[in-house]
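Next, two complexes with chain A in common: one pairs it with chain B, the other with chain C.
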Partner chain A sequence: MKGMSGNKVKKGILGFFMNAILIIFSLSCIFPIIWMLYSSLKEKRAFNADIIGLPKNPTPGNYIRILTNPDYHLGESMWNSVRTTTLSILLIVLFSFIVGYILARVKFKMNRVLYTMFLMGMLIPIHSLLVPIYVVFQRCKISNNWFTLILPYVSFGLPMGIFLVEGFVKSVPVSLEEAAAIDGSNFSRTLWMVIFPICRPILVTVAIIQVFSCWNEFSFALVLIKDVSLQTVPLALTQFKGQFASDYPKQMAAMLITMAPIIVLYFVFSKQIIKGMVSGAVKG
Partner chain B sequence: MKKRQIISTAMAAAMAASLGLTAGAAADVAVNDLAYTGELEIMHYSTAEEAEGNGGSDGFRTTLAAWKEAHPEITVNENVLANAEYKTQIATLAAADDLPDVFLLQGMNTIDWAEQGLVYDLTDTIKASPYYDNYNQAYFTPFTYNDSIYGYPVLTGGTCTVVIYDKAMWAEAGYDTFPGTWEEVEKASEYFNEQGIYTIAFGNGGKWQANSDFLSTLGNRYTGGDWFISLIEKSGAAFTDEAFVKALTEMQRLFTETSIFNEDFNVVTNEDAREYYISGSAAAFIGGNWDESYIAATLGGTDEVEGTDPEKFANIGFAVLPQPADATEAPNSQNIGLGYAVAINSKVAEDPDKLAAAIDLAQELTGPAFSSFVAENYALGGLTMVDEVDLSSFDQITQDFYNWSYVDTEPCEIYDSYLTNAVWDVLNTDLQTMLNGEITPQEVAENAQAAYEANY
Partner chain C sequence: MLTTIKPKGKTIFLYLLIPVAMFVFTVFVPLVTAFVYSFFEWKGGPQKTFNGLENYITLLHDNTFWKAFGHNIYLVVACIIGQIGIAFVLVMMVNSKLVRFKTIHRTFGFFPSTISAVCLGLIWNMIYHNQYGIINWFLRAIGRSDLCQVWLNNTKLVMLLVTIPLIWQYIGYYMVIILSAIASIDTDIFESAELDGANGFQKALHITLPLIKNTMLVCVTLCIAGNMKAFDNIYVMTKGGPGTASMVMAMYGYQVSFNQSNMGYGSCISVAIFVLSLLVIGGTRGLIGRLTREKEA
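This part shows the complex of A and B:
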């Protein structure tokens, strides 16, 4: 009896510490958002005087200033980000699926060379390509357009997408396609009606990774876009940073406003996102 | 050219009103007849945010708006980015030989871009300018290469090194004015330490502050102005010269061997350090004109914002950096200047009408319209000197700071307006390490010299 209660105590203490660690970890993840939320209700001066403290006189002033000043063009930049990200993701998922499938299933002479070349795209630092890509875009007269950023986003998103899809497709039994062929399904039908639904988890993973990557991308947006009305969110947010001083509360208010679509997206698709992440992590 | 004066209109006023400014925001630009009709690109970093409380940026935006209003036949395409992003994008555009028609040239890029033929030589144009006689000639130095001038210095010339002190606190310590030597400051620090107050607050968390807000002036006290000019012109001076190493040695001594500064000076930024002064935790603060604006606006604010303190505001005093015991040069110097100039892409010269329009824009953005605006609304000065600045509408602190900046002190150069970032990146990093006591002044000087020889 004594031994059992001792075990219970041990388990209880262990459980307490385990929970405490997880709670601390969870708080450390969520605290930056909470901090941003209440800091955005402070005036600049109050924030500078006490960075962590709760606002003594909370005010929605920053939100009002951001939403009423046309110079900040946050709405426009959000639309640009949504459009660029959505189109980029559609293309990345589409091309990753097709190319990844072909590289996994179709045997041809340069298959591995091609695969390696795609993967090398992940190894090239983006900053080393800024000037050459700018020159190419300039000469081709495709810089500073609404579609400009989609091209590099798709190009640099593909290596990761192809890598994940190729690995996933390899784990799918070939017998499924053979069965489809026996049933009279042609290549396209098998690809889209049989393989595509099976690959959905990994494609969701690819989409999630790339949504964050495209939404947050800064370097290409900075270099390839000149027109203020074409700026994406990360670029528009830089305007709250001055040469010698920054208005952090206003910056935080702007970040929260621009985070809203992503948060909504997350809550709407949370189940699928978690499923996709887990599936991608296990099988990809 | 036919000239007529107009008073700029609703546009500028409305813009300023939308920014919530109390200043009477309008700029009188000279309207010259220009043959050019079409588009003119301009790239700058005076964002709406930057213009809030920053007189130079507000003046730039207001003057630009007035010029656009005065020339409806010209479509001005503005590309406005925050300063850090501006520097990245303009460097990329320069590397791709695709600079905008009109842009802001940073002093340290002048030589490289002039050698590459990217910027238009404005020497004759500047000399022919109707405002030439009123130009502060010293401001052209960072934009001059081989006797050619490549830009109209723009925005406002503000100090990068000012000691802001609380007169009442220093009076209690037995000083009627801020001490003129570091020896006296050290003595005063004994009193302030007993009170649990930092003698001087300083923040070098961003690494650039020790250079821009301290060394640039301290170095001048040891080397004199000619040494740095020689460094710019590559005519013999070196970072390893004895006088400069002495300046570094004194700097290290002040920060590591005395208890004058806040112990976290190498971690906190100027934005954090000035809060020590505002809250009364420090008796003085060293920073730039942008810090002065913030401190004055905070302490002297009229609305009920935390930190407003009319008594402390009235006690604000300004002083130059104290003189080290073994320094022999310019004890009254402070580094002041204009880090950027309005420059023109050399390709614009292919269209003489467009070039005339670009020159007209550059002249107005730096001319009397701009200078009058910033003088009247912010008590600041630009390239063009304004004959009579009526400061009577300003509070005493603003008047004092204007006189301290432009009348009572001797200007010296801001180091990082010149040379190249490659040198300053090395020096700034080493300075931070040196102020931690982990590297010697001699090593700092040698590393800076190596970077200078390799990159400049």
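This part shows the complex of A and C:
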């Protein structure tokens, strides 16, 4: 009996420590956001006097100042990011679907060549393209435009999307398309009316993975965009860092505004997002 | 492959034209361009002079570049140990019957990996800040204000300090990947091990780890690829400084090309980044593959 209770105590202590460590870890992951959330409601002076305490007189002043001052271009940056991300995602999903399906099902001479090409696209260290892509885009006079960033974002997102779709299509029985063909449906009709609805879950996964990488992408935006009015959110934030040098509450407010869509999206769909990102990482 | 409906070659061509053209234009054209310009002296202006292998010879003797490469390797090693190691330990805890709030740990833990590296860099800048940072606030609070310093100006510590946010950001990410791999293991195995008297530690090391070997391999590959391209948070936090104390390859390529507008040499660095990253990724893959195969035999 004595041994049993000793074991129980040991288990209790072990459980306590494991719970404590995990809770500390989890809190550390959201603490920065919470710290920013309440600190952004402080005036600069109040923050500098006490960086960690809760605000005594919470005020939305920082948010109002940032959103109403056109010099900060925050609204514009948000719009640029929303437009770039939305168009990139649409194109990535569309192209991944088309190319992935064709590579999986249609026999033609170039099939394996294209397959290998996109496979190589996954292996290429993208950051080595940072300087060359600037040179090429400058040459072709397509840098610093509203559509500029869509090109690299779509191209870099395509390989993983194509392989997820290709793998998925291969798991779908061919009999479906054969039945459609017997019913007189041509290739395009079958592609859009029969295959597309079946592929929806994998396309949602592709979209989820890419939303975050497009919204957060920084290095190519830094190189390819020069106009303040064309910059995306991450670029705008690095500008604020200089402008609001030591006005932390204001910087925090700006960051929270730009993170808001991501935070809301994440906590509403966290289950699907985690699932999608993991399957993308492991299969891709 | 389809046999009953054979689409016309023209249809396929039209469907593939735009995506393939776009991909080739943004990935392969720049690669070839970089390779060509790496043999030129080109300061960004209209004038380019062919100078053969001179850029490559300079590169071989460029201490800053090799130091930057070393820092990338440092990041890779630190993150494999930090991210995947810590993630594995935490997963073992989350999977224990004694732990509660499993879903919350997963949701909160994964959250930082969805935030942009720029935001996180800015947040950690605030945490490290001399006057208004949390670290110095904490040191003052426990009465050790003598330890307070301008953290990111410390040449000796700066690499460690820029690595900590990176590790912290992705622990949850790898945690979730490992968790999903473990979830697919047959629970019978654990039960019979428990009956045989294996404790939690033994189970983790001798049963779980070998069974999720492939997932761990994926994690390591992701970790290497992710850290060879480190740029965003370095740019935001230190710009490679103080001096070159936290320089990484992508940051150096950027500085040479855009701050010194030495596009020829910048192209040469880009080619080097390409080759070195592929070598490191391919090399470790081969190494791990070999090691695991030997174990099985």
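The rule we apply is simple: the second predicted complex is superposed on the first by the 203 of 284 C-alpha atoms of A that agree within 3 Å, B and C clash if a C-alpha of one lies under 4 Å from a C-alpha of the other, contacts with A are read in each partner's own complex, and residues count from 1 in each chain.
As a working rule, contacts are C-beta pairs under 8 Å (C-beta built on N, C-alpha and C of every residue); 3 or more make two chains touch, one makes a residue touch a chain.
As the structure is a prediction and not an experimental result, all values here were calculated from the model.
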item	value
Chain B versus chain C as contact partner of A:Ile23, first or second or both or neither	second
Chain A: partner with more touched residues, chain B or chain C	C
Touching partner for A:Asn48 - first (chain B), second (chain C), both, neither	both
Partner chain in contact with A:Tyr134 - chain B first, chain C second, else both or neither	both
Partner chain(s) touched by A:Leu222 [first = chain B, second = chain C, both, neither]	both
Touched partner set for A:Thr238, first chain B, second chain C, both or neither	both
Contacts of A:Gly15 with chain B and chain C, given as first, second, both or neither	second
First (chain B), second (chain C), both or neither touched by A:Phe196	neither
Chain B versus chain C as contact partner of A:Tyr38, first or second or both or neither	neither
First, second, both or neither for A:Val106, with chain B first and chain C second	second
Chain C-contacting residues of chain A that also contact chain B	48, 130-131, 134-135, 222-223, 238, 241, 246
Interface residues, chain B side, partner chain A - complex	18, 43, 45, 47-50, 52, 54, 77-85, 88-89, 92-93, 95-96, 98, 100, 270-272, 275, 278-279, 288, 290-291, 294, 298, 301, 305-307
Sites on chain A touched by chain C in the complex	11, 14-15, 18-19, 21-23, 25-30, 32-33, 35-36, 47-48, 51-52, 95, 98-99, 102, 105-108, 114, 117-118, 121, 123-136, 151-152, 154-156, 158, 174, 177-178, 180-182, 186-188, 190, 212, 215-219, 222-223, 233-234, 237-238, 241, 246, 248, 251-252, 255, 258-259, 262, 266-267, 270, 273-274, 277-278, 281-282
Parts of chain C lying in touch with chain A, wherever the complex brings them together	1-9, 11-12, 15-16, 18-20, 22-27, 29-31, 33-34, 37, 90, 93-94, 96, 98-101, 104-120, 122-123, 125-127, 129, 131-134, 137, 168, 171-173, 176-177, 180-181, 215, 218, 222, 225, 228-229, 231-232, 235-236, 249-250, 253-254, 257-258, 263, 266-267, 269-271, 273-274, 277-278, 281
Touch list for chain A against partner chain B, complex	43, 45-46, 48-49, 56, 69, 71-72, 130-131, 134-135, 138, 222-223, 226-228, 235, 238-247, 250
